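Here chain A shows up in two complexes: once beside chain B, once beside chain C.
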Partner chain A sequence: MTARFGVGERVRIATRDAPGHVRTPVYVRGHVGVVERVLPVFLDPEQEAYGVNSGVGIRLYRVRIPQATLWPDYRGNADDVLELEVYEHWLEPAEEDPR
Partner chain B sequence: MTDVHAAVETADGPPDYFEVLVAALRELLVAKGLIGADEVRAMVETLDAHGPTIGAGLVARAWADPDFTARLLDDATAVVEQSGIDNYDDTRFIVLEQTPQVHNLVVCTLCSCYPRPLLGLPPDRYKSRPYRSRAVREPRAVLAEFGTRVPEDVRIRVHDSTANMRYLVMPMRPAGTEGWSEQQLADLVTRDSMIGVSTARRP
Partner chain C sequence: MSEKSDLVVHRANDVGGRAPGGPLTRDEHEMTPSEKACHALLNVLDVHKLVNTEEKRRAVEDLGGQIIGSLTYYERCAVAASQVLMEKGLITSEELGRTMDDVRRRWAVEP
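And then the complex of A and B:
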């Protein structure tokens, strides 16, 4: 399965409400970051949690987001970052810089 | 006056909601033959057999061997499996290297994801809501509370383990340990230093 995004690409994490076993924390939704590394394909946990243990594999990425864009009142080095794992169906291409 | 020969209080309080839920689920799974009581016991034994000394051994070997460090940073999962460590639940690992320019800190905001095959069970404070919510939002303040002062010009990378990867931090090797054996070095590698909330012990 080909990865849709490559290292260094800008991505926006989707803003949507999703019930169930979702691994995308609310605090990063809607934020822009860059792909830090491309990870393997894993079973979709949102389906696996309901007993669907085969079939759908989804690419996982590590996404890096500047802390200063996540928290308006962030105190620290302007280069401090937060990195987390996000599944491909939560990512869309982003043109603009993270902010 | 206190009776020093009184029986030591060992009884637990009444079970809470989740303890009842866990017991009921386990009993149902055993009653229906889906798992055996011996499998539950064996899993508990496996969990108990893993602790921070396993991760410390990897870090000490990496300190002593730059080639091993390179392989660990490139593909930690493969190195763990080649090292004869029982990766009992097929965990995927990423090792993060502390440097004079970068300080790494690991948290799981969603639950308590932790590199259990390498560090054992997480400490309670790792699972606490204050640590989980504050580590991503004010890492420097959290680190300071652990006695770890990260200079302003050092960049902090906070890693929220939200999905399938588990993270082990490789602390910096303390000065004054030249020529030490791997076992001596491993004794300096604390659990907290492998989460990133502190540095390795100084000799």
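And then the complex of A and C:
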């Protein structure tokens, strides 16, 4: 399965507020980050969580987001980043500079 | 997000950025025999494709913040696994209740 995004690419995490078990925390939704690494394809946890056994695989990415953009009152080092793993169907291409 | 949407969408385990923050309390303990038994049972359920990790995590979330906050990790997992088994029609609440009563009698523990 070809990866839609490559290392260094800017991505926006979707703002998709729907019921259900998902692996994208609310506080990162809508934020822009950079793909830090491309990870393997895993079974879609959003379907697996409901006993569907669909066998659908989804690419996972490690995405890097500056802490200062996540938390308006962040007082740590300006270079601090959050790295979290996000499934491909939560990512959209982003043109904006994340900083 | 509206208050109602937040209640539906922002599930109990999604705690990032939620007040109150503060330091984590780290009180690790040796696993008790019942926790080890629970851990083993969860592995068996997973290997036999009866309750997978995703189903277990989802069912824990379904318990809601109040129950999650009151139960220990393995207590949450045990309740969650029982929910998934009931959803799949593999056990009934009646069967589970009878077995729990049997176990209580065996160990002479007050219900």
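As a convention for this text, the second predicted complex is superposed on the first by the 97 of 99 C-alpha atoms of A that agree within 3 Å, B and C clash if a C-alpha of one lies under 4 Å from a C-alpha of the other, contacts with A are read in each partner's own complex, and residues count from 1 in each chain.
Criterion: contacts are C-beta pairs under 8 Å (C-beta built on N, C-alpha and C of every residue); 3 or more make two chains touch, one makes a residue touch a chain.
Because the structure is predicted, anything quoted here is derived from the model rather than measured.
Engineer: Would you sort A:P19 into first (chain B), second (chain C), both or neither based on which partner it touches?
Structural biologist: second
Engineer: Which of the two partners, first being chain B and second being chain C, lies in contact with A:D80: first, second, both, or neither?
Structural biologist: Touch partner of A:D80: chain B, not chain C.
Engineer: Just chain B (first), just chain C (second), both, or neither: which does A:L60 touch?
Structural biologist: first
Engineer: Now for A:V7: first (chain B), second (chain C), both, or neither, which partner does it touch?
Structural biologist: neither
Engineer: Figure out whether A:Y50 sits in contact with chain B (first) or chain C (second), or with both, or with neither.
Structural biologist: Touch partner of A:Y50: chain C, not chain B.
Engineer: Pick one for A:L39: touches chain B only (first), chain C only (second), both, or neither.
Structural biologist: Touch partner of A:L39: chain B, not chain C.
Engineer: Of the two partners chain B and chain C, indicate the one touching more residues belonging to chain A.
Structural biologist: B
Engineer: Following superposition on chain A, which residues of chain A contact chain B and also contact chain C?
Structural biologist: In the superposed arrangement, which is not itself an observed complex, chain A uses residues 25, 27, 45, 70-71 for both chain B and chain C.
Engineer: Which chain B residues qualify as touching chain A in the complex?
Structural biologist: Interface residues on the chain B side: 92, 109-110, 136-140, 152-165.
Engineer: Within their complex, state which residues of chain A touch chain B.
Structural biologist: Per the touch definition, chain A meets chain B at residues 23-25, 27, 39-40, 42, 45, 60, 62, 67, 70-71, 74-77, 79-87.
Engineer: Name, in rising order, each residue of chain A that touches chain C in their complex.
Structural biologist: These residues of chain A touch chain C: 17-19, 21, 25-28, 43, 45, 48-51, 53, 70-71.
Engineer: Residue numbers of chain C touching chain A in their complex, please.
Structural biologist: Touching chain A: residues 1, 5, 8-11, 14, 16-17, 49, 52, 54-55, 57-58, 61, 84, 87-88 of chain C.
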